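Next come two complexes built around subunit A: one with subunit B, the other with subunit C.
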Partner chain A sequence: MKSERSREPLWREEFSIFQADERYVSRRQLTKFLTLTSLAMFAGNFWILVKSWIRAGVSYPVRTVAQAEEIPVGGVKLFEYPGPQDQCILLRPSENSYVAYSQKCTHLSCAVFYSAQNRRLECPCHQGYFSIEDGSVLQGPPTRPLPRVILERRGAELVAIRVQESPEGR
Partner chain B sequence: MFGYEFYVDTSRCIGCQSCVKACEECETHRGVSMINFDFLDRPNTIATAAFVCFHCEDPTCAEVCPADAIKKGEDGIVQSSLKPRCIACSNCVLACPFGIPKIVPEYEQMMKCDMCYDRTSVGKRPMCATVCPSQALAYLGPEEIARRREKPVNTVRFGNEIVRTKVFLMAPAGHDEIAIDITAYMWEGGPA
Partner chain C sequence: MRQPNSTPTRRLTAIDGAMALIVLLLIVQMWLLSATLDAYLAGHTEVVLPGALISGACFLGCGALYLFVVRLETA
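On to the complex of A and B.
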């Protein structure tokens, strides 16, 4: 009987006409599932919390990222900060202002670019737009602002000091 | 189970409908009879026949059920539809070669004979078999049925389709199977 049935298509197994092949979830199984799942959720959240505590203490390297005069007004320079994999974008929207943001869109990590015409940072993937003033979201699916790279001008050099994850400066 | 099998002998049926009433009395489906009771050819004869579900080896009703509501137990009993699943689509009603399943409109559910599962599973006889005065519906052991002249048969052939059942029909001596030419009955007047 069993071997005869195993040759049959999958749907026959899954929708068997035999009562013995029914698989009921018992109350105990459900309780076990709920308990273990909520325990896993708790552990996962706790882990995220611990990770953010650890990250809060990270120190950033101080590095020269550009010469102030190499970027024209309305121009852009790409650089990596703090690590070699972390793409950032440096803008000079007006004569004396320089701002830098992470280039990774906070939605799905596409690279944002500077639209000089609209004076905003635009993500081409899902039309997420960010303000160049503080990196906040103007429209689109992202919910978090772009992490801002805090710059300091030292003579003719622009020096990155740290990355600010959110405007609140958490 | 318990060494008993169900035997249907339509030639013994006297049309008293005790089985219909007895079935209605059951607590699990009070007021709804699961017996298929028929007047065979009313203008010409008083012959009647009472049937219970034949509990096919390969139950067509369960095979066609889109809601997975009809299940066959390990003891070979094809259960009535499961209330939470049955969608009253009538697929089983149309598919059953014996015409056994019935849709009960009040409950929006298919209900059919489950051979008094509450009774037979503990060794008691089904309600209909306990009341049948002529034992047209009988729940007997093998030695008792061997004393009868008719031969129990559980293979029914509908054209090329062979259906093996758990419930036995009593066939005239010398017949190993019961063959029914369905198409012949589809014409008005029945088989010549």
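On to the complex of A and C.
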């Protein structure tokens, strides 16, 4: 234990640096903070990279989502794909055409619905509209298209085989 | 040992310059992060690796500038 004599004076404890050095210390501390922020930005980018690698290894289940004749022309059916939390919407815009998209709006994840009158998918939250041809944005705040569920017709069954995040060639 | 031409004013100017560069690199990194995230969510995964590499290079630049500031301070 230090004796009273060897202890530093009170002023030295409370003012541990000279006034002239203060500007260096404050700059160094700010620079350190900025460098740590830069590290956090890099960590964010690296996290996206890891997520991308993980997603690349994901295989989608092949699953029957509907019977072709159970949906009338202009009708819809809701289903979950690829997981139980992933709501999707299946449309039959014409006699021989079936398309399916994720039901989550790419803006703020509200559920989109099919407007048969306007022949488009509409998000009621912020009036984002999507094309039923390829899921692309027609109007509104969303900037990304709806992920498309790729379907295959096997006899009377409609089978989901994978999810396409963006239309081909975009 | 302090250099004869390394006056406190000059050192402070050099430190301020380094800090300005760090701020510039940070702005680039912020833009890069938001652009990469947007592209990733849109399914364009081909930009993710270059984004991470450039962000890493920016971080290394910031680290080098931080060491430069520390070295100047203790010079």
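Everything that follows uses one rule, which is that the second predicted complex is superposed on the first by the 142 of 170 C-alpha atoms of A that agree within 3 Å, B and C clash if a C-alpha of one lies under 4 Å from a C-alpha of the other, contacts with A are read in each partner's own complex, and residues count from 1 in each chain.
One rule holds for everything that comes next: a contact is a pair of C-beta atoms (placed from the backbone, for glycine too) under 8 Å apart; a residue touches a chain by one contact, two chains touch by 3 or more.
Everything numeric here is computed off the predicted structure, so don't read it as measured data.
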Thinking of the overlay built on chain A, is A:15 touched by subunit B (first), by subunit C (second), by both, or by neither?
first
Does the superposition put A:153 against subunit B (first), subunit C (second), both, or neither?
neither
Is A:52 touching anything from subunit B or subunit C once the two structures are fitted on A? First, second, both or neither.
second
Identify the partner contact of A:41: answer first if only subunit B is touched, second if only subunit C is, both if each is, neither if none is.
second
Larger contact residue set on subunit A - subunit B or subunit C:
C
Overlap of the subunit B and subunit C footprints on subunit A, residue-wise?
20
Contacts from subunit C onto subunit A in the complex sit at residues 8, 11-12, 15-16, 18-19, 22-23, 25-26, 29-30, 32-33, 36-38, 40-45, 48-49, 51-52, 55-56, 58-59, 62-63, 65-66, 69-70, 73
Would you mind writing out the residues of subunit A in touch with subunit C in their complex?
20, 23-24, 27-28, 30-32, 34-35, 37-39, 41-42, 44-46, 48-49, 51-52, 55-56, 106, 143-145, 147, 164-166
Can you tell me which positions in subunit A touch subunit B when the two form their complex?
15, 17-20, 22
Could you please specify the touching residues of subunit B with respect to subunit A in the complex?
59, 62-63, 65, 68, 70-74, 79
